[in-house]
């Protein structure tokens, strides 16, 4: 299925972003693997724990474990060349964001939860891997400070429930939702969009 | 029910304390909302996860989501005036502590857990929202350093199980327990009470 | 049972390591207790939550609560003498690592999970108490930076599944696995073994 393939692209991108953060913090190989793993599966794991779907999903399907392991080995070996891949990685990461958001929303609906909570679960699936990564690396999570990252998930989530009301095929709803998340994220990065700041004299563009 | 109204007062106070911490850390609007949300529901969420009561409670009753959202908007708009409200906020926070402790104890008993564990769940419900808030903001949790906060919950918890042995109405047990937590907390703040320190030359009154 | 006795030795050592970290951070008595508790039971608690075995185990068997409480009182009273005990504490800690790893592996198997996930659960049980301790104390977890700690668990885990294939008694498999974890850990400390580093000019021996 196309979504599963895209899910794997996202997992790869998230794991590599974990490796890069861990290398930056000069962690040892074990630390690098854990940070990569947590970045890739942390959001979905937190979601599964909060809705009570245990054992959490990566325990019952080892694909994701293998994908992350391979991504870590690849990223560590090519660590000096990763900057050449930054555009591809950004694209993978953004596709992952869209697909993870959809998976979270779906799980919420399947658990009989309300649209608002399902949207929250979508955003959590997309973004909390990065939050846990930053906490383990002793940083204030970057998405709390200067990214439109999470807002793209939330906007996508609302669009999902609006699109579902339209007389269009279900698959189209999924594709459009993912595209909305991806488009907002890309536009935000291109145009340096940020959420409005409440602080004066703030210069926090990255 | 009066307890539910008090529960909401506590939720408001906890959410606002989250907003204030987040503003202090110069987080963006998304970060502010997440910190407020986690401060208000984090203790109860951790409790629910540890005892296996999932989906966690705020997923099935949106009242708390709306209360927190309104509190965040209110606190952000009035952020320069919040200091005028510090006494009311302290009172709400303290009422919240008492009520959250009771809710935690009750859930422990309802899950068939022992009094000691139920008391621990009461203290967790009252205090771990603040612990998670501080971790997300990259601080050592303040209640581990200089507050009689958690001890008020623990003392209230022991009182609860002692009072239950007395021939008094159940409602009275609840009210007295909450009052004990609230009184200890207020006295501790008025008289600058702290737990004994094991360190010399320590000057850590806030 | 001998394993339960060893489990308690490990709990004592982990709790005392928590007390020492907390004293170092100048936490108050409540903070010290929480850090000790989390260090001792955090790994097993995370494991239980992720596999859905709730209420988590320390809620239903208070032995561990009493053992930790006694360890905290002992360690705080003797805090100036603990350095004389450092060798015993290291031994207890290492025995705990071996036993906790076994318990985690067993729980994974009992939950019908694959060998790889069971090994991960063993390592998580042995090491994540320390990870949570470090996060609560606002440090990057030490096992991500310079310890062969987790690798000893992983090596023990693989040995366990290899030994199980041999025609030897089940008890012997358990004892050998624990001994492998313990031996690797002791050798690593004696010979200052570390995982290979990816960084130049790094001097991070403790």
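As written, the chains take the letters A, B and C, and residue 1 is the first residue of each chain.
By definition in this document, a residue touches a chain if its C-beta (ideal position, glycine included) is under 8 Å from a C-beta of that chain, and two chains touch if they have at least 3 such contacts.
To keep track of the chains, here are their UniProt names: A, B, C = Trimeric intracellular cation channel family protein.
In this text, all values refer to a predicted model and were calculated from it rather than measured experimentally.
A.B. asks: Subunit A-subunit C contact: same residues or different, taking over half shared as same?
C.D. replies: different
A.B. asks: Angle of the rotation mapping subunit B onto its copy subunit C, from a C-alpha fit, rounded to a multiple of 5 degrees, please.
C.D. replies: C-alpha superposition angle, subunit B on subunit C: 120 degrees.
A.B. asks: Indicate the whole-number Å distance between the mean C-alpha point of subunit A and the mean C-alpha point of subunit C.
C.D. replies: Between these chains, centre-to-centre, one finds 31 Å.
A.B. asks: Among the residues of subunit C, which are close enough to touch at least two other chains?
C.D. replies: 49, 52, 135, 138, in rising order.
A.B. asks: Touching residues of subunit A toward subunit C in the complex: what are they?
C.D. replies: These residues of subunit A touch subunit C: 22-23, 25-31, 34-35, 45, 49, 52, 54-56, 59-60, 62, 65, 76, 79, 135-138.
A.B. asks: Name, in rising order, each residue of subunit B that touches subunit C in their complex.
C.D. replies: Per the touch definition, subunit B meets subunit C at residues 49-52, 111, 113-114, 116-117, 131, 135, 138-141, 143-147, 150-151, 194-199, 202, 204.
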